[in-house]
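Letters A, B, C, D and E mark the chains as written, and numbering starts fresh at 1 in each.
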Amino acid sequence: QDTPNEESTGDTSGSSENDVNQDISENGEETLYDKIQAEGKLRIGTEGTYAPFTFHDDTGKLTGFDVEIAEAIAEQLGLEPVFMETQWDGMFAGLDAQRFDLIANQVGIRPDRQEKYDFSDPYITSTAVLVTHEDNQAVNDFEDIENLKAAQTLTSNLTDIARENGAEIVAVEGFNQAIELLVSKRVDITINDGLSLLDFLNQRPETPIKIVAKHEDAAYNGFMFRKGNPELVEAVNEALEEIKANGTYLEISEKWFGTDVSE
Amino acid sequence: MISIRNVHKSFNDLQVLRGIDLEVEKGKVVVIIGPSGSGKTTLLRCLNVLEIPTQGTVSIDQLSLSFEQKVVKKQLLELRRKTGMVFQSYNLFPHKTALENVMEGPMIVKGLPKERVVSLAQGLLEKVGLGEKADQYPHQLSGGQQQRVGIARALAMEPSVMLFDEPTSALDPELVGEVLKVMKDLAQEGMTMVVVTHEMKFAKGVADEVVFMDQGVIVERGRPEDVFNQPKQERTKQFLSLIE
Amino acid sequence: MAPMFLSNFFENPDRVIRLWEIAQSSFWPLLEGALKFSIPLALISFAIGLMLAVLTAVARLSGLWPLRLLARFYVSIIRGTPLLVQLFIIFYGLPNLGIVIEPFPSAVIGFSLSVGAYGSEIVRAAILSIPKGQWEAASSIGMTYAQSLRRIVLPQAARVSIPPLSNSFISLVKDTSLAAVILVPEMFRRAQEIAAFRYEHLLIYVEAALIYWVICMILSFVQDQIEAKLDRYVAK
Amino acid sequence: MAPMFLSNFFENPDRVIRLWEIAQSSFWPLLEGALKFSIPLALISFAIGLMLAVLTAVARLSGLWPLRLLARFYVSIIRGTPLLVQLFIIFYGLPNLGIVIEPFPSAVIGFSLSVGAYGSEIVRAAILSIPKGQWEAASSIGMTYAQSLRRIVLPQAARVSIPPLSNSFISLVKDTSLAAVILVPEMFRRAQEIAAFRYEHLLIYVEAALIYWVICMILSFVQDQIEAKLDRYVAK
Amino acid sequence: MISIRNVHKSFNDLQVLRGIDLEVEKGKVVVIIGPSGSGKTTLLRCLNVLEIPTQGTVSIDQLSLSFEQKVVKKQLLELRRKTGMVFQSYNLFPHKTALENVMEGPMIVKGLPKERVVSLAQGLLEKVGLGEKADQYPHQLSGGQQQRVGIARALAMEPSVMLFDEPTSALDPELVGEVLKVMKDLAQEGMTMVVVTHEMKFAKGVADEVVFMDQGVIVERGRPEDVFNQPKQERTKQFLSLIE
């Protein structure tokens, strides 16, 4: 139960009276990464409500694939990971407001996001699956969804797939809402992440939904950073390489999914 | 015409009326006096059944209600519509003009057509000397004027008996006269009236009978000159000495 | 990270210009959300809720204990639990019982029930604040309970309850943002959508807040007008 | 999708048993969230907010127009914009100005400001409801404005404002659920966490709602006690 | 001792007092009568500066305040503390017992120690005949008892002059006597008093001077027997006929 929320002691204002959005001053004196190293803490923003990537287990402990990868990277960097949990919108605002140093929450690497933020190398490859109600016999593949109602979160590759195939988007706030709408037949389909769907069906096998198709294109998710901190991104990328090399990554991946999800 | 027999009224454990008998003949004026808390208001409220007696009988005209058993709501309303009540604190409807205050009863309760009610109400306002004030709201009227509207409102229902509960005691002294005058006129026209008041001059001049109440019983009654000048009971004497 | 203007304008004019553009381009969609959904939702729910409130208040004051108990229970449940959860149950829970209601009607039901419960306490207090003498005067000219209530007491209670009711209405306007969770594309939902693409949550939320503020100020102004009008029969 | 019991009990007893288990196992974490965060947050914010409310009410009634204007502006801004946005600004906006406040204090600031604004209207109305004769009696024995306010008017206004203030307090308890957005792990956040893992949103939200309800009923009971106590000097 | 010179008071456009001059010597009782709205209450309120005159001078004892220019708050308070006011509607503090009502002034305003104030207050309550009622809250007292507590509360500040604004007109008739008796006793003890009242018997029996006001001016003044029996002004005659 000890989500270390209140431990965010990092008062970044001390060194930045004026240059609020840029963590390096023009003179390049102290970078964000320097500061993190000095404090020994890596502050990670995450939702904490997205199983099996970032969620609270039976004991109330924050865990999940993204959480453990982030922990492994922090350890690799010799830093103490401090997770700070909030909602999707709070996550972005919190990164902007320098309340976190990075976000670990299955954030897809997309060009529009890259305009404002930097990303690490992808640490997971996700596949999209097409889900319908059990009773639905009409939808068997992505080409069948034209003009059907699709429950999708606002910005994701999954939404793009739905849109490209001509579905009408019903915007939802999260995975669970999409499933609720599908079960109550308020929407016809949802295109969602294959891994979280597997986890869901594992927990709630009696739910009257079924996976009817997989998308062939893979999407890449990475850690997200404020722009202007190349040192930190670089360090995280190196650490990611390292844990992949030393087997830690594979161990975590197999623990959660029984397979290697990096490709 | 009006007859109350053995009326008792208790509030929880408090016995407020303890066996009141009273007869008022048609066209007569009865004045009730007595110390505060003696039950005068409660008696009036039992007469128009705003308060339901715990025991006893109340009759007005042909209608007689006995309160030994549970009474029917419809009969209560019927009895009540035979009485008109004028309150110490006027209780005009503040969101209606003087005219509308008077119209409310005939229009809503009797369901008379609006045009007829307007002229009826206007006539009554003229009768109490307020023809000019028909379109004023209560807060724009003096206390005496408000009380006269209150009398007109009660008259509009054409009651068999008018009940007055200290109609002048909230008024500035120089406004008392105008209300008493309207009441005197009513009495002269032959209206049956039961009046709780401490205005001795009115009682002496207008009343046919004076009733002195104390602690829920009628202690003494009689012609005003008798009660005021030669009270028989000690309690009456004592009370009269306090208010003189 | 919106109000950067203050510290960053000279260092970072591009960013300020970008923020300004986002603010401009999001203004109309936000306003549309407000005009097409937030405000109609608030108005309809308030109208229905007000009727419920009066009925509930009268039930609470009635002589029949089952009616009183029912009203009490309704008020307690609605006031005691978060509106968000109530909307959730109506929209995601009722389908389990085979009752599927569209988003907008679901929102109207949820908000009306809420207004009804909170409003009933206001109306009840207002009815109780009318002096007993008014009831008695009405009875004394032969009015029934229902007539006294309708013609004499409620009109006066209306005047008394306008300030607290308009408080409720102003709260309601802001609470419509909760309808986002049941897919009503009202203003706050729009703000979330825009922010999700533009990644400027704070800016757009502040913008939405300003629009709410303007709406609330207009409502307060209307309230003052109504109060002044009803005050015609009250001493100054 | 929780209350399947009704339709599904006989078809699916396993599921009912599972739901019951989930409800049981989530009860303590929810209660802990309520006791450690929601309730302390509400209590602290209400205490601070009440002081603010009295100050603001007195400012609104003061003879100095800048004070009046300031109080008016504060109330208008806070009441006119959603609490969620206010919390957002305090937590995610102020760091832009170099002001970084921890989650719990941020929540206390946000909720206190809110209670202060809404409460000030209640306190102001209560002060205005005290008959002018009380001020005059106080002045006539030589009391200053401050003495009259403190010794005579506020104690009586307190009695008048308890019902609406306790309404505000009950709302506040439920509004603490908004603190989730600024990282305070209060009860509703716990509910979301558990629901995300168990995929039984409706069940757990209903459970949280019931806990809120019980808290609110306890508060109503306390309110009745306080009112009864203060009523000792008022005619029955 | 008390002297008012050329006092004017307007509310916005309404001229309520239009040049009042009045002297009250130490130990004297002045009764003010006049129709409703004539400015009696306003005059009393100008005397204890609850209302600030638009023009004129008010002096009590050695302290004299001229209202031609803005006055200092402190001086207002000082002047006010020389007067004790008794209100028509008692205005007791409902959240304090009778004793606490009386203690409030000496304790809070004068800052006297609590023990001394308790015995002072208890003494005053006994003086007005309410020694037994010290721990009752106002709502537990009758109107006459409340008004007597009001008198004790004003006396507790040891004022140079006591002001009474229709102290008995909200009382039931049989309770009027007990309040008038306390006032009579005070007058006999030599208290300086200005009393607005319509109790003719009190005015005739106790007043050293009667002042008749109408429309913001003093129309007539003199010894009570003169004013009541041979009023010189037409307006006075008319008014006296209305209230007799």
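Annotations
Definition applied: a contact is a pair of C-beta atoms (placed from the backbone, for glycine too) under 8 Å apart; a residue touches a chain by one contact, two chains touch by 3 or more.
Not measured: the values here are computed from a predicted model.
The minimum number of touch steps separating chain A from chain B is 2.
Pairwise, the chains sharing the most contacting C-beta pairs are C-D. Farthest from chain E in terms of Cα centroid separation is A.
Put simply, the C-alpha centre of chain A and that of chain D have 34 angstrom between them. Computed centre separation for the pair chain C/chain E is 51 angstrom, with centres defined by C-alpha atoms. Centre-to-centre, using mean CA coordinates, chain B is 35 Å away from chain E.
In chain C, the residues touching two or more other chains are 1, 4, 7, 92, 96, 201-202.
Among the residues of chain B, none is found touching two or more other chains. Those residues of chain A in touch with two or more other chains are numbered 20-21, 89-90, 93, 96-97, 180, 183-184.
Contacting chain pairs (ordered by label): A-C, A-D, B-C, B-E, C-D, D-E.
Those residues of chain D that touch chain E in the shared complex are 131, 133-134, 136-144, 147, 151-152, 155-156, 159, 232-235. Against chain A, in their complex, chain C makes its touches with residues 1, 4, 7-8, 11-12, 15, 92, 95-96, 100, 180-181, 183, 185, 189, 192-193, 195-197, 199, 201-202. Taken in their complex, chain E has these residues touching chain D: 48, 50, 77, 80-81, 83-85, 87, 89, 91-96, 104-105, 108-110, 137-139, 153-154, 156-157. Looking at the complex, you find that chain A touches chain D at residues 1, 3, 5-6, 8, 11-13, 16-17, 20-21, 48-51, 55-58, 60, 84-87, 89-90, 93-94, 96-99, 176, 179-180, 183-184, 200, 203-204, 206.
Within the complex formed with chain C, the chain D residues making contact are 1-4, 6-7, 76-77, 79-86, 88-89, 92-93, 96-98, 118, 121, 125, 163-164, 167, 170, 174, 177, 188, 201-202, 205-206, 208-210, 212-217, 220.
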